[in-house]
Amino acid sequence: PTQFVLTLKCPDRLGVMARYSGCLHQHGAFITEVSHYGDPDTKAFFSRTEFDDRHMECTFEQFLTDFAELAHELDMEYQLRPVQQKPKLMLAVSRDDHCLNMLLTKWRSGALPVEIVGVLSNHDDLRPLVEWYGIPYHHLPISKETKPQQEEQILALLQQTQADYLILARYMQILSDSLCEKLEGRAINIHHSFLPSFKGAKPYHQAHKRGVKVIGATAHFVTADLDEGPIICQEVKSVDHRATVSRYVHIGHDIEAITLADAVRLVAEQRVVLNEGRTVIL
Amino acid sequence: PTQFVLTLKCPDRLGVMARYSGCLHQHGAFITEVSHYGDPDTKAFFSRTEFDDRHMECTFEQFLTDFAELAHELDMEYQLRPVQQKPKLMLAVSRDDHCLNMLLTKWRSGALPVEIVGVLSNHDDLRPLVEWYGIPYHHLPISKETKPQQEEQILALLQQTQADYLILARYMQILSDSLCEKLEGRAINIHHSFLPSFKGAKPYHQAHKRGVKVIGATAHFVTADLDEGPIICQEVKSVDHRATVSRYVHIGHDIEAITLADAVRLVAEQRVVLNEGRTVIL
Amino acid sequence: PTQFVLTLKCPDRLGVMARYSGCLHQHGAFITEVSHYGDPDTKAFFSRTEFDDRHMECTFEQFLTDFAELAHELDMEYQLRPVQQKPKLMLAVSRDDHCLNMLLTKWRSGALPVEIVGVLSNHDDLRPLVEWYGIPYHHLPISKETKPQQEEQILALLQQTQADYLILARYMQILSDSLCEKLEGRAINIHHSFLPSFKGAKPYHQAHKRGVKVIGATAHFVTADLDEGPIICQEVKSVDHRATVSRYVHIGHDIEAITLADAVRLVAEQRVVLNEGRTVIL
Amino acid sequence: PTQFVLTLKCPDRLGVMARYSGCLHQHGAFITEVSHYGDPDTKAFFSRTEFDDRHMECTFEQFLTDFAELAHELDMEYQLRPVQQKPKLMLAVSRDDHCLNMLLTKWRSGALPVEIVGVLSNHDDLRPLVEWYGIPYHHLPISKETKPQQEEQILALLQQTQADYLILARYMQILSDSLCEKLEGRAINIHHSFLPSFKGAKPYHQAHKRGVKVIGATAHFVTADLDEGPIICQEVKSVDHRATVSRYVHIGHDIEAITLADAVRLVAEQRVVLNEGRTVIL
């Protein structure tokens, strides 16, 4: 049987779940994993279902048509795709390879259900590593003057490769507001601090100076409001007074790599839904 | 409106969720929180729903009758009660008060939605503390010879007080197989190790000797097979070579108290369901 | 033999450690635990030693005199006392008892090597609990108008009871700058967030709104610069989108209680030394 | 100035620290980091010092001679080397690359102060990855019959390359008792469970079956007593009932990679000393 994943969001009204699960049931969807959440504050209902078609008697097209009708009626936003049709990622990097390496390793071992369609960078340093994995590398240099053109190139690249998501794996460039808007909900960044602590530059230096006893990393959706986008994952690790700034950085690299990889997996599995500045993880 | 909590388990068949949520919908149950899980290994379906009766048009008795019919049809085991009808706990302690104190403090502050109907102990040491909280204290001394009689007293006490659960908050006595069987699914123990490591006596001494770098505590259902009951919660904390056995014990006390309190909360909120030697937390 | 604890700080010069450990050696101090740290940034040397007098041949007074001379020569600040002469704490609370309960429980069980000389509060609610433990309770009401007088009462109380430290165990009042200065290095606060995130009021509400995936608590020395004092301990716990604000608060209470108790223990054991806005934990 | 690292262990006698730090002082060693530990159970004293020779007036040879004399007198075992003379590692792998990748990434970025002199494997799968990093790859196939010969090859390889340590980065072969003995204190393994839980094969399957709520990984020295060698690092991560065995494995891979890399760093920095079946981390 073919495995499908369906993620949806709609206003939380009486009987939404019954309507929606009834529709799946009537069409013979065999549910293998399910997760719901209703937010009492935002009055929104969120759901993610994995199912297969082993008992489906109608055609899948018929199912799609009927489901679309229900979705319309319930003001639903949804994503429905076969599990094996993996989301396409474009990665953006600068010179540090710890996040990139984690994503590539996990992707190659099968732990990350994605297709990596390319890596773009403002530097050429990581080309050999990327090409070793058989992935196209795009060197898109940037300067203050050429920033608008370079961002045009990024957009063109995303379009050509039909990338679903842009993953900023320590890209170190601030995207323009206009690009952020165009990529809303599709661009994910790893910030090297436990947000909202230590926004902005050199967060490990800031953290060291402040003498915190725990450091962390935050994977979040990119929004025009820098470092304020909805948080997907956060991980932390204890440090003590003996740790130098350089040790903070090394510890931080581990946390960043794991946090970003985890966020990418959750997004790739359609487990992350936006909920007014926050995320729901299903 | 009155708030209800419904927890159920049944064989995972096509459409179980649709049938069950359809029934709630038809009777006007307004769902405020919901969590499902289908275990692909044991082929069991688990669900927990909180709902209120603000839109219910039939009487609650009618709803109960109709739901019972569906439950029968679907081979369902379920628990359904108004949220304000809190589960009744009997606590069992010995001489250490760290777990007891945590439960009493949280109960008094309203963080633990339970009714504490009494505390029993083989010692009389903790009576003043318990009575200060206005809770009856039962001193049930035990010796090798009187163990069967003492366990009869425990059972009688549970019956008189209509206790739903017996919480072994560092009781330090091993219950007989027969008592374990009678209390299956109703007795919860805190074991002072990260099970299955360091079963049996003096686990912190064992852990110290082995030089582990992390210690933990485990809250689990009591079964005749000592320290093998289904695990509800586990918490851990890092230690290093400088920690003496006595420091392990002190750190451990914190973890035990929090882990047990968390397990009790989960059980009280009907979030824990047994699943063939494991638990599902909804 | 009598057990002593010596904690010191001095400029880090060549041979400081040799001079200092040589002095202990010559006087027959038998070292049972030792910890040093030299900060390459602040050029300060920190050390904590536990020793006993089993092999001491001179009188302890002679040792004190000789050590004072060396300390003077090396520009040392130090604290030296018999371990059994426990530091005296005054606790300050408002209405919440979770931090207070943790401190009292641990103190009574012997896990916290301190003497609790009293509890002060702007409310009278927690008097019964405190008096049950046999500890004097001081009700010092406060209003905008009487704040200066109330703070005078606090200072008088600290003097009368010869309290070494004032522990703000969820006191919920902001101390005046003048009181902060008078108590520099002697007052410890628990802040219910992972500082520097969510300073100020209602941090759990802020954290919930921001959708963070980890919350925490921070124990720190009180300074006039609110929530900016040197950090002693920080603990964190994961949360997810399902947690309501009230659940954040409950989880937070656990972390606060443990974090504050841990900070108090470290301070009581003379393990915490100030280092220009940061702390060294020995 | 040249930076040195000195790690030592000796019987804990009165004045050991004074003698040893006095010797460093007299020869003008400028100490930049220091850590001591005296174990009250095993009566052993452990110390690690980083120092440079900026104020050294004698030749380094003279210092070595004098220190050796003191070391002999105090029954000291010690390791003393310039920091830039990095320890040489031979890595052993099978087919999984997650641990290998972590070590190679960190090594290349400078986060791991080691020299990787080669990678050996019973399979040829990871050759391209290793050679991409410019490191020699040794394919040493093994069968039941050829195990003794293959282990001879390993020993020969360690000797030729002058490797200080053999790192079993998921090598998946059990070393013979004889090889374990020859490599005592020089071979480090990563075990994919939180030892002593789930020793032996398929630990993630065991953990899943037992329904634990936390899984972990353990880096330890290899001894003939399988999975019982002194523990260097342990890391853990929470899991819940929804995690399948395959998800346990993926989560586990992250923990394994980080735990092993951390253990290798600690050993490379001479921070790990054996202490009767346990380790001291300085």
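We call the chains A, B, C and D, going by the order they appear; numbering starts again at 1 in every chain.
Criterion: a residue touches a chain if its C-beta (ideal position, glycine included) is under 8 Å from a C-beta of that chain, and two chains touch if they have at least 3 such contacts.
This structure is a prediction, so every number in the text was calculated from the model and none was measured.
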{"item": "Chain separated most widely from chain A, comparing mean CA positions", "value": "C"}
{"item": "Higher-contact pair (C-beta pairs counted), B-C versus A-C", "value": "A-C"}
{"item": "Distance from the mean Cα position of chain C to that of chain B, given in whole angstrom", "value": "36"}
{"item": "Centroid distance [mean C-alpha coordinates] between chain C and chain A, Å", "value": "42"}
{"item": "Interface hub residues of chain B, defined as touching at least two other chains", "value": "33, 37, 40, 242"}
{"item": "Partner chain D, residues of chain C touching it in the complex", "value": "14-15, 17-19, 21-22, 24-26, 28, 30-38, 40, 55, 238"}
{"item": "Interface residues, chain D side, partner chain A - complex", "value": "33, 96-98, 101, 105-106, 108-109, 111, 128-129, 132, 242, 250, 253-254, 258, 261"}
{"item": "Residues of chain A touching chain C in the complex", "value": "37, 39-40, 194-198, 209-214, 216, 230-236, 240-242, 244, 275, 277-281"}
